[in-house]
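Two complexes are shown next, each including subunit A; its partner changes from subunit B in the first to subunit C in the second.
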Partner chain A sequence: MNVADKLVAMVLALAAFAVVIGLILFVVSLLERRGARRVAWFFVGPTVLLLIVGLLYPAGRTVVRSLFDAAGSSFIGIANYTAIFSSPDQLVVLRNTVLWVLVTPFVATLVGLLYAIWVNGARGESAAKALIFLPMAISFVGASIIWKFVYEYRFYDPDVRVNPEQIGLLNQVLVWLGMQPQQFLLNQPWNNLFLIVVMIWIQAGFAMTILSAAIKAIPAEITEAARLDGVSASQLFRFVTVPAIRPTLVVVLTTIAIGCLKVFDIVRTMTGGLYGTSVVANEFYTQSFTAGNQGLGAALAVLLFVLVIPIIVYNVRQLRQAEAR
Partner chain B sequence: MRHMRKSAGVLAAGAVAALALTACSTGDGETPGDSTDATVDAVEVDCADFEQYGDLSGKTVTIYAGIVAPEDTPYMTSFEPFEECTGATVDYQADKQFEQQILVRAQAGNTPDIAIVPQPGLLAQLVATGTVVPAPEGVAANVDEFWGESWKDLGTVDGTFYAAPSGASVKSLVWYSPTQFEENGYEVPETLDDLMALTEQIAADGNNKPWCAGIASGEATGWPLTDWMEDMVLRVGGPDVYDQWVSHEIAFDSEVPTQALDAVGEYLKNPDYVNGGIGDVSTIATTAFQDAGLPILDGQCSLHRMASFYAANFPEGTDVADDGDVFAFYLPSEDSSTKPVLGAGEFVTAFSDRPEVQALLEFWSTDTWANLKAAASSEETGGGWITANSGLDTDNLVNPIDLLSAEILLDPASEFRFDGSDQMPAAVGSGAFWKESTNWITGQSTADTLSKIEAAWP
Partner chain C sequence: MTTTPPPVQVVLPAGRSEGDVAATVRATKRRLTSPWATVAAIVLATVWTIPTFGLLVTSFRPAADINSTGWWTVLTNPNFTLENYRTVLATDSSQSLLPFVINSVVIAVPSVVLPIFLATLAAYSFAWMQFRGRDALFVAVFALQVVPIQVTLIPLLSLYADIGVAGTFWAVWISHTMFGLPLAVFLLHNFMREIPGELVEAARVDGAAHVTVFFRLMLPLLKPALAAFGIYQFLWVWNDLLVALTFAGSSNQVAPMTVALFNLTGTRGSQWFLLSAGAFVSIIVPAIVFLALQRYFVRGLLAGSVKG
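Our next item is the complex of A and B:
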């Protein structure tokens, strides 16, 4: 296909799309005269249908499949679930997921919050914010590849005549400081933390942006009143800022926590889940698609779903409370 | 006004979606260039040889394969004489997602006429879908004549012969630097004992660690170690035990496999022998397999066991020749009386028994085609393609590594065995075997490693 053909195909596709949309709008305009309820069904119907076909049905199938063996042919009850909670390999996966969910949201939020307060009202605020927000614009896979280079290891032996060039930034810094280069992605269990750093690097910008907006929304009267009462900066933070932005903090924390439960790209790109760094989402993919154990993979997917539910429930409740106030 | 703006927004969003759709559709279905002007000069073609296939004017045969540009053009060139002499059209479609897609297509009944399948395991899966047709008589006769029993077995599922081999590659190679060997007076080893003696000598000389290795390969991390182990099973136990091991007639943690993995460990787990130019033993786990052999060029490493395709990983301008910067030698066997060869290959699988498809299959299995393809590859991609077809005239090869590989493959003493992990069930072959090998190199014991893989066998 040459460029002209592609352009023609594109124009045709656009025209076809316009015709379909035009048709829908035309039908709706006909229905509109017969009452709003029909129009509502006309729009909601396809969505509901797609949700059933694309979400509810596969979810149900996954739950059923998690009760079957690797090939999906014979029923084995909850054996896949007991495997997740008893086999040493799977316990490492669970441990790592817990580590991700405990460490990342708090550190990323803390970094974002401190940064937001620190640059608030300072000169060059927007430039400073852009700096920390930029990693958000990079895809997880892109960020992982960047950090993989940062962590890259080559040996360094002062007694050897020729040492290989350090490719990794971090190890080069260590060598300059007179220390031994480290295998950041291999040495357990610390390698998990070095993966988490990547997530924090990405999410701190997200936390900072949202929290900064919340801080700016605190009414000036409140902070002024507190200042007149003679509070110190730390007291202002503790008793005014944090309570005022609490709903936003909860949203940021839970959003990052959900992201961490589902984290896949970083682990897959940087270690492939090897060297004791696998997490539930990655293990689910590996078991389902490379190791051919569909039952265990489905069980892991269900577990992931179950783990996300309480966080979402908490998140929604907090939002409702905030709205009620 | 508000209403209007909304629908305009929807239109714009839809336009983006439509754009994305067209981009996808043109990307996927694209058939690589019709500009097949190149002709194969090196091989004389006489249309009289094609008379047996009859007049196939107006007929089209579709081929679906994972071999993408630039390696696809020699394929199309090699079919040109067939097209010219019979009047048939060969429609070659390449897709990087071939290995996943062909199964999906077969299960959905939407099959091409012919697929180039790179693994016997995948062939068996395809046969299980009931869409593959057995190979015609003529193809079977050609395979008997040009390839022999072991290759025919690889294309056979449950006693029925389905697919003739096409290309092949050799994995039992050790890369080295001829220049470095000459400077230090090292000799290419003839037996495994020689190889160990050479390793000790290089380590004792102290200029560099003898071996370098790397097994990181994304989700397939670990596969170079499985190749190492397969090569050692072939050498410690011999081809028959290898077959039993691959088909799980002997346990994965039985005696021979244990000895084989320990034999690998003598090289790769000895801190004095690895990892030249990179670090200690554990760096093997995190070094990308593409980078692992490069320290040979800087003299930081002397030996690197990797398949023939590794030639493409050396930077442009590297002289790959037996007197150049890098070259490879056959990973020796216990003694020179046996010559087990580990390798891989492709299998021409048909989903239709229409006469034009059968005709192309038969042509494809001849020595004429093998030479046409070899000459086309040499001309258009500088080589990189060989076959185990004994009718292959090595004059049609230009690349020294191709020549070496073909020499190893076509040596009557060679006993070819296909990459075992490709034939094992996915839970082992692309699951536990990769994963536990990686754990093994980072410290897990041989016994633990093998018993864990054994436990994963479905």
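Our next item is the complex of A and C:
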């Protein structure tokens, strides 16, 4: 297909969609003119149908599939699940996922919170915020390329003492400091932390935006009163700011944690999950599409689902409490 | 999965007046007399910006230079070219990424329009119509936001193969529409409930049909909400890798920019001249959308719940 064909295909799809919706609404107005009251299903029907076909039915099939072997021919019960929790490779995957979920939300939120406080009310506040926020508009793939270049390594042989120029900034900094260049993405287990840095870089902007809005909503009387009592900046932070925005902090932490559970693009783009960096969402893809073990892949997808639920339940309960107050 | 985290619902203390805001601003200004805060902010902003800046500079350097010297050497030895962008955007080169850019556009437009329109219809019925099981159904739609798309991919793939749309734009459009719906319904429903009920009641009493109320009253009033979700969904679709990788394959017939860039990183001896320029071609579109419509986007972020 050339460019024109693709654009025509797109316009035709939009036109087809418009015709279908137009027909539905036409039928609705005919019915309404005849005095029919029950037209709601025409409005909600297409959405419900798509959700059943696109989410419910496939999710059900995946749960069933996770109880079958690699080829999908024989029922093996929970063997795929026990494999996740016993095979050494899969245990590394679980360890990495836990590391992502524990480290990223707290660091990203702390950075975002501190930055939000530092620039609050400063001149050029919105420009300063845009700098930190902009990584959020960049795709995970784009962010991974940006950071892969920062981590780029040029071979250094201490015996030959020929030192090639590093083109990755981080290794050049090491050289400037008189240290050895490192293979940041290969050295286990630290390479996981260098992948997590990418996620922190992205999510700090998200945390900052949300927390900044919450900080600006703290009633001025409270901060004024604290100031009159002569508290220091760090005391103000600990005893006034943080308690006042606690519900928002919980939402930000849990939201980033869920994002980390599902992180796929960064790991896939930077290491492909090799060198001991795989996580559940990446392992799902590897097992399902390249390793040819759809049973294990399905079990990993279901595990992802199960892990997300408690975080969301906690989040919703916190929201309810906050709203009740 | 994209860089864009799902919108979250944030509870802000209510009942604040203009005077409070002004007082807060004055108070915080005074606090910022601490020069350390300014220094720390500048350091952090610099650290945050340098990685992107480095790749941006690299994208304008000759391919040979990129692989032999660091991008910071342009300070002492400036040598720039547009050749990388010419290669990436060429119309007749095998290394061109232009077909993938076109694919990204072709994928994004229907993937944003379809869920918005379907979800607005559904949200309208949830907000302003009476039918049996309405509340239970709404909770079910809301709850579906927790389903990670990973659990749907393989069964959907075989479903698409059965109906003959596997590997076409249709598979990608339909997938993004289905995955976007729960959040869209929830967000638009929230906005719709903020419209005073008397407006709708009055129109209905005057004999206006639901279709009329929907087009004449709801759509115009919902413009900011539609913009907020539209930007969110656009960023999500434009930046998506997983859905595209699964349903669009790798060929330049359907695959978007993210897949093309992903495949380039896999090739041995990273071709940084292509990757850097290609990355910025793919970044520039969402960056413009984001900077131009930031106001709506932040509003959308502050109003939603959890997706993915």
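By definition in this document, the second predicted complex is superposed on the first by the 279 of 325 C-alpha atoms of A that agree within 3 Å, B and C clash if a C-alpha of one lies under 4 Å from a C-alpha of the other, contacts with A are read in each partner's own complex, and residues count from 1 in each chain.
As a working rule, a residue touches a chain if its C-beta (ideal position, glycine included) is under 8 Å from a C-beta of that chain, and two chains touch if they have at least 3 such contacts.
Remember, it's a predicted structure, so these values are computed and weren't measured experimentally.
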First (subunit B), second (subunit C), both or neither touched by A:Asn293: first
Partner chain in contact with A:Gly272 - subunit B first, subunit C second, else both or neither: both
First (subunit B), second (subunit C), both or neither touched by A:Trp41: second
Touched partner set for A:Leu23, first subunit B, second subunit C, both or neither: neither
Subunit A: partner with more touched residues, subunit B or subunit C: C
First, second, both or neither for A:Leu186, with subunit B first and subunit C second: first
Touching partner for A:Lys216 - first (subunit B), second (subunit C), both, neither: second
Touched partner set for A:Tyr115, first subunit B, second subunit C, both or neither: second
Touched partner set for A:Ala9, first subunit B, second subunit C, both or neither: both
Shared subunit A contacts, counted only where both subunit B and subunit C touch the same residue: 1, 6, 9-10, 13-14, 17, 21, 25, 268-269, 272
Subunit B residues within the subunit A interface of the complex: 7, 10-11, 14-15, 17-19, 21-22, 25-26, 30, 216, 218-219, 221-222, 277-280, 282-283, 285-286, 295, 298, 300, 425-427, 430-432, 435, 438, 442, 456, 458
In the complex, subunit C residues that touch subunit A: 1-6, 8-13, 16, 20-21, 23-32, 34, 37-38, 40-41, 44-45, 48-52, 54-55, 58, 66-72, 99, 102-103, 105-106, 109-110, 113-114, 117-119, 121-122, 124-126, 129-131, 134, 137, 141, 144, 146-148, 150-156, 159, 169-170, 173-175, 177-179, 181-182, 185, 209-212, 235, 238-242, 245-246, 253, 258, 261-262, 265-266, 270, 272, 275-276, 279, 282-283, 286-287, 289-291, 294, 298, 301-302, 306, 308
Residues of subunit A defined as touching subunit B within the complex: 1, 6, 9-10, 13-14, 16-18, 21, 25, 70-71, 153-155, 162, 164, 183, 185-186, 268-269, 272, 274-275, 286, 290-293
